[in-house]
Amino acid sequence: MPKPFKPSILKMTARNVSVAYGSKIAINDVSIDVDQDEVVAFIGPSGCGKSTFLRTLNRMNDTVASARVTGEIKLDGQDIYSPDMDVVQLRARVGMVFQKPNPFPKSIYENVAYGPRIHGLAGAKADLDRIVEKSLRRAGLWDEVKDRLSDSGTALSGGQQQRLCIARAIAVDPEVILMDEPCSALDPIATAKIEELIHELRGRYAMVIVTHNMQQAARVSQKTAFFHLGTLVEYGNTSDIFTNPREERTKDYITGRYG
Amino acid sequence: MPKPFKPSILKMTARNVSVAYGSKIAINDVSIDVDQDEVVAFIGPSGCGKSTFLRTLNRMNDTVASARVTGEIKLDGQDIYSPDMDVVQLRARVGMVFQKPNPFPKSIYENVAYGPRIHGLAGAKADLDRIVEKSLRRAGLWDEVKDRLSDSGTALSGGQQQRLCIARAIAVDPEVILMDEPCSALDPIATAKIEELIHELRGRYAMVIVTHNMQQAARVSQKTAFFHLGTLVEYGNTSDIFTNPREERTKDYITGRYG
Amino acid sequence: MSDTLVPQIPVTNAEPVRRVPTDWTTQAMQSRIRRRYASERRFRFAGLAAVWLSAAFLAYLLITMVMQGASGFVETRVSLPVDLAAAKLPIEPARLVGRGADLALAGAGLEGTVDLAATKAFGKDGTDLLSDGAWAVVRDAIKADPSLLQRRTVFEVPVSSPIDVAAKGNGTRDAEAIVARLKASGALTRGFNAGFLTSADSTDATRVGIWGAFKGSLLTMIVTLLLAFPIGVLSALYLEEYAPKNRWTDLIEVSINNLAAVPSIIFGLLGLAVFLGTFGMPRSAPIVGGLTLALMTMPVIVIAGRNAIKAVPPSIRDAALGIGASPVQVVFHHVLPLALPGILTGTIIGMARALGETAPLLMIGMRAFIAAPPSGLADPATVLPVQIFLWSDQVSRGFVEKTSAAIIVLLVFLLAMNGVAIYLRNRFETRW
Amino acid sequence: ACVDQANGGGAGSRDQITAVGSSTVYPFTTMIAEQLVANDPDAKAPVIESTGTGAGMKLFCAGIGAAHPDIEDASRRMKASEYATCAKNGVRDVIEIQVGIDGIAFAEAKNGPKMQLTPTDLYKALAANPGGKVNTARVWRDVNPALPAVPIQVYGPPATSGTRDALAELILTKGCEASDPTAKALGKSDAEAHKALCTRVREDGVYVDAGENDNLIVQKLQSNPNAIGVFGYSYLEENKDDVNGVSISGVAPTYATIADNAYPGSRPLYIYVKKAHLTAIPGLRNLLKLYAANWGATGPLVKRGLIASPAGVQARSAAIIANETVLDPAVLS
Amino acid sequence: MSPIALLFLVLGLGLIGWLTARVRATRFRAGSTVRFSSLPSHHGWYVALWTAIPPLVFLVVWSMTAPALVTDAVLATPAAIQLPPPGFDRASILSEARSLADGRSFGAFHGLARTLAPSYAAAQSRYDWIATAAALLLAFAGGALAFTRVKPGFGARTQVERVVMLMLLGASLIAILTTVGIVASLLYESARFFSVVPITDFLFGTHWSPQVIDARDPGASLGAVPLFWGTFFIGAVIAMIVAIPFGLMSAIYLTQYAAPNTRKWMKPILEVLAGVPTVVYGYFAALTVAPAVRDLAVSVGISWASSESALAAGLVMGIMIIPFVSSMADDSIAAVPSSMRDGSLAMGATSSETIRRVLLPAALPGVVGGVLLAVSRAIGETMIVVMAASGVATLTLNPFASTTTVTKQIVDLLTGEAEFDSPKTLAAFALGLTLFVVTLLLNIVALRVVKRYREAYE
């Protein structure tokens, strides 16, 4: 599926990144590049550190007191762990969608408008309305909710909630979107919708998606990274990884020998 | 996979069963037969009522104050909702295994011995030891735990805990075992172990298993029931359902159109 | 959905083993079942009994208080003819307006006139029949209508405490005889004792009121609330959301958890030694009471606040952080609003406890007799529960019903506060 | 310049009278305070706290100024040691006024055994070590063969109360010295030993410490006809329907017998006032005058269950008020 | 200008600072495509804080020093010569003059005060103007300084949030201060006590009778063991004998058996028991329960039963504690995952078997922790024992006999007629310290137990 000969523009680069929770090393010496218009999938058995690594990419791990990150992660060439990087702005540029849909217990409108508000992206109410509509449209949710924007976001179905969360992330116009098992709490139909959405958003945002589901990785991503016990075992084009893995461990995992 | 010409003995029959939680109807007019030595799988999208229906089979729904069951469910020809049916005995005869492994916070031994003790199935300590060992062996756990029977059941790994729960259910020598997504909290290896166990227990106990995972249904069951929005859409031999479903909805679901 | 990606299970073809099911119908099994059910019923009954006995005790307590206290809201009055014209009080009507009125009437010997009228109406011991506050009734009537000074009027004045108690059927033999006599002559009436709700403490049971103590409670609670609520909420936020894991934080946490369970009397000792002793703050003042109770209430609010904050799912914080909200924004935009009902519930419960608290206030001198309601935070005052304690210790029998009546008033407020807290909790018991 | 002299050294000023001290004088003082307010609606209501004489003394003697009370109600005379503390804290000019008399009375239920006791009986029944030996008396007959064989059961004030002090001083010591001639001498040579011998009350359940709430004692007497209660005379007065006074040495507790000291167990009540406060606290002088106006034998003092001082004492006290005579510490013990 | 007016003025200036800074920040944001770290309102708050906080701090300091300065100015006037020498009289005249000058009172008790009032007013207004000027200067200086920093790249949000964090930290330090205050005040007085009475006499002596203290050996009659026993007997034995079964069974019934509606009503009703003030319980115990207990005892032949029996106080205290135990038990049982219950029921266990064999054992640590907390609550309870228990310290196992408690003795010692400053009053603080230490230990243990238990199911 990935287009073979498009020149790629590097969006994020991680070099020799290690993460420890206290004395427990969760990620060990991982280097990865994320391109401007690709979807990267992280796969690997439970506890191998996929989420941990994903969360280092927008410094969400800062909220875990015991987490220590070493190595270098750059966004557009700028070190995101340097002291003069403003975490708040970083997170606006690198958005995140979580495993469990987590809309705010506010109206649908307010959910989407929250980001633009705190970042002062919209001057007038009309601006804000425009941003909200655009984001909901991009997230493929506009038609379903346009008549009930003032309903609570938590009243939506699971799949809708997850799309609302994507719309919310889109609303601050991020450059990268990180998704941590966005479909694992959803039923197959909702899953399909999200996958479709990822397809549509590709090119506009660089995306990194963690998934337990290998078929999903195969369906949505151009590159796949396979983690095991905190190390990056293999990283390459998705088609290669699934049909012709270089490493024995990758192959064993993909064919279901362990996991 | 199921053997086609074995004469089957009816173990449980449900006729026109409906279940409502308050005014919300969760199961509508479902009729199903469960054979003596078969594994029946319930599949269907989330919220379609699989768990609800499963729990009517041993009256676990009695614990939900708002639940109302109508229709007729028989175990060996005896109506389990009749006033002279003793729930306590019913549940001993129709055991249950839950989605999340839920061993009691007691020793492994006490976990398994719990049922026989309350039902007075073992006279002497030696009897009890025998039952515990037999049950753990049947659950395929004996070799792993025989040296640490006095360790807490909660100290085991997820898959072991689930097998401990199966052993616990087996210990009271039930006739039917109901399992509600027994593998959904487990990793693939543990899942494989449980599936193997189901194979081995087949014939000894009638089994009903709810699963989200269609491959799992295909692998372990002889009959499959497909639920949708509280109704039973199709019920038949697993091989038929998966290769040649009669209903359009079943087909769409199985091929991943919705779910 | 290729099957190759999923581990395959070898299919066993072995013939299943048949088994003999447990026989549930044997005699032994059946009687065992019956025993189990019997024990089930006993257990359940024990639970029910525990609940009902507890509730019954509460009912008994409340009913006792209401039965004893209801009569505290009623006063007995006697008709007293006073010939003000004949008394020729030296008062110019012009002085009967404004601030000078009370002074003028007090100085004019009105009290003596009323005593005289009593002696005239009821004989030598006539003054003993009247409450000390009887003349005040006459005074107020004159203030309302100065023309009374020109005639003879029959006033309904409150009787003295022994007579009042006797009229309510609980008095001494002498008093009951007098009551019987007065009743026969139709001079006794009963009425709502408005003074009980509007006046302050007094030495005469017929004149006492709870307004002074109530106002003291009010002022104290204001201080408590203003201090404990913000400090409590802010510390709860700090501890739950920002505090780094270090020794200081542990120390704060241990302090708060322990303060919450430190006996209230210890806070009284603290107030006595620190606020009165070291800081030299005024004795008996609501501000000191409020401070002391605030220290006591603050940990309750912190703990309730922390629980409420903890109940806000972390996913909400992640969500906000994930789109670039700063930690302060996360807390003030999302966490605090969602936790507020829980915090308020905790606050109300803490305040209710403070309102009913007695022991620490005894230590800091809020047990004084003050015949006027306090007008400021530094004015000496007492509070409702202490007033109850003081009255319960009074010699005069008339105070028994007043004590219970004050208890009724206090309970009404506490129950209302608890009710609001329970309502809030039920209303906002959201699980995300 | 850091000290604000308008604050009298940092403790502020105050425009209402404060009094602390004995719970026995408290009812009388509260009533006087009430009158003060009634006579002058502009006056701020005095603050009267019943702290007990001892704790009150501590507050009273802590210093001059707004932070310290103006008046101490005392159910006993100030002790020399207390005066010394006062003086140390600058409270030198103290005015001592006797306002009345309190009697402790013994009482039993109406249907009681109509006991007739003497201080010696009481001492032998109640002291921890009468005559130096551990008290084993169980029934009244054990202490005096003339008395009935009724179990000894006495409800009385707790160790911390002033009434208890009075009991020890006025009854037990008297009984002690009457029954044991060496006791008096002991009192001179070794005060502590004398105290232990004469005033220590037994603690084996015969003497029941019934709390400060004398109402409760009355109730207890009713439910236990054999028991004897010890409380302030005012409670006897208030409850004369329910309990009878017990005669001591043949004298029944009545107003008259207590007033003329025929009934053992009467003690003078005092108030102490700081002279330095008279000019600073509005209304304080008026309050003292009100005391004098109300302590007559037919006045409110008696209505509150206390007993008026003899006329001579009244006159002397009135003169003290008029002249603002300060106390000579030499008379204190 | 009066302090209140000044306060509002300063706050007003802060508001103006907020508005102007906001406008400025909005202006430089407009049309720019760069992302900014701070919203206009953050800049607004930054300037507002700088405008308002320095003058407010100044005003606080000023309000503490200014009155003395004013008084000194008045003392320098000729009329002040008539004042009595420094002392209470002088203070009272001066303060009266001040309240006359402030218009807080009208009539004067001292004539001199009226004479001094005008000069007071004059000095007051002079100093008020100085204060106003200084405050305004500070406000303008602070505001201007902050305003110059409002630039696109300036991280106003970080600065403002730092202030917020400081506030939060400050608030939580109050708890430590309180604890320190308690410990310090108790320790100070107790140290004085223990310098008179040997600590071993106090802690291990079995004779408590503060009525007569032998100056040669004060420890002989200040042995607190009977108090400790009485406290333990009433609070940890009798009260718990009532509270544990009732509380536990109520919790079990309400969580496991009662219909949701019953639960909805009964739970709050039981909680009301905890909301009834202790003084009411005390009154009730003394007037109703104690006589009833005595009558009961007498009717079964215990003629010497005290009407201040440990039983009466303990019973009422136990009832007061019921909801406490019940809600702790409720929490602990609710913390047991419902899958345990389901698991047991699905095995064919009856409800009571499930509760007794699965839920309660699983919840046991939580329940035990809760009971310890309840005990600490009970032994610290004061009013019930003050009103219903006796003051006699006896070492007895008999519930119909009278005993006293630590809290009761503290109140008696501090409010009694005893001579002051003897070991008696200090003993109250020593008792307070003991009580504090014991409840502290109980709490630490209980919270540990509960915490470890909670963690087991998290």
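When the chains are written out, they are named A, B, C, D and E in that same order, and each has its own residue count from 1.
Heads up, the rule we're going with is that a residue touches a chain if its C-beta (ideal position, glycine included) is under 8 Å from a C-beta of that chain, and two chains touch if they have at least 3 such contacts.
This structure is a prediction, so every number in the text was calculated from the model and none was measured.
A rotation of 175° superposes the C-alpha trace of chain A on that of chain B, rounded to the nearest 5. The highest number of C-beta contact pairs joins the chains C-E. Chain E has its Cα centroid nearest to the centroid of all protein Cα atoms in the structure. For chain A, the chain with the farthest CA centroid is D. The mean-CA centres of chain B and chain C are about 56 angstrom from one another, to the nearest whole unit.
Between chain B and chain D the centroid-to-centroid distance comes to 83 Å (mean Cα coordinates, whole Å). Work out the mean CA point of chain A and of chain E, and you get 48 Å between them.
Residues of chain A in contact with at least two other chains: 88-89, 92-93, 118-119, 256.
Counting partner chains per residue, chain E shows two or more touched chains at residues 157, 286, 350, 353, 387, 414-415.
Shared interface positions of chain D, i.e. residues touching 2 or more other chains, are given as 12, 14, 42, 50-51, 213. By the definition given earlier, chain contacts exist for A-B, A-C, A-E, B-C, B-E, C-D, C-E, D-E. Chain A makes touch with chain B in their complex at residues 45-46, 187-189, 191-192, 256, 258-259. On the side of chain D, the complex with chain E involves touching residues 1-9, 12-15, 22-23, 42, 50-55, 57-58, 64-66, 75-76, 79, 81-82, 85, 151, 153, 158-162, 164-165, 168, 192, 195-196, 199-201, 203, 205, 208-211, 213, 216, 219-220, 223-224, 276-277, 279-282.
Those residues of chain B that touch chain C in the complex are listed here as 1, 37, 86, 88-89, 92-93, 118-121, 172-173, 175, 188-189, 191-192, 195-196, 199-200, 202-204, 214-215, 219-220, 256. Chain A contributes residues 58, 60, 63, 65-66, 88-93, 95-98, 100, 102-105, 114-115, 118-119, 154, 165, 168-169, 171-172, 214-215, 254-257 to its touches with chain C in the complex. Interface residues of chain C facing chain A in the complex, by the touch rule stated above, are 1-2, 4-8, 244-245, 313, 315-326, 329, 333-334, 338, 430, 432.
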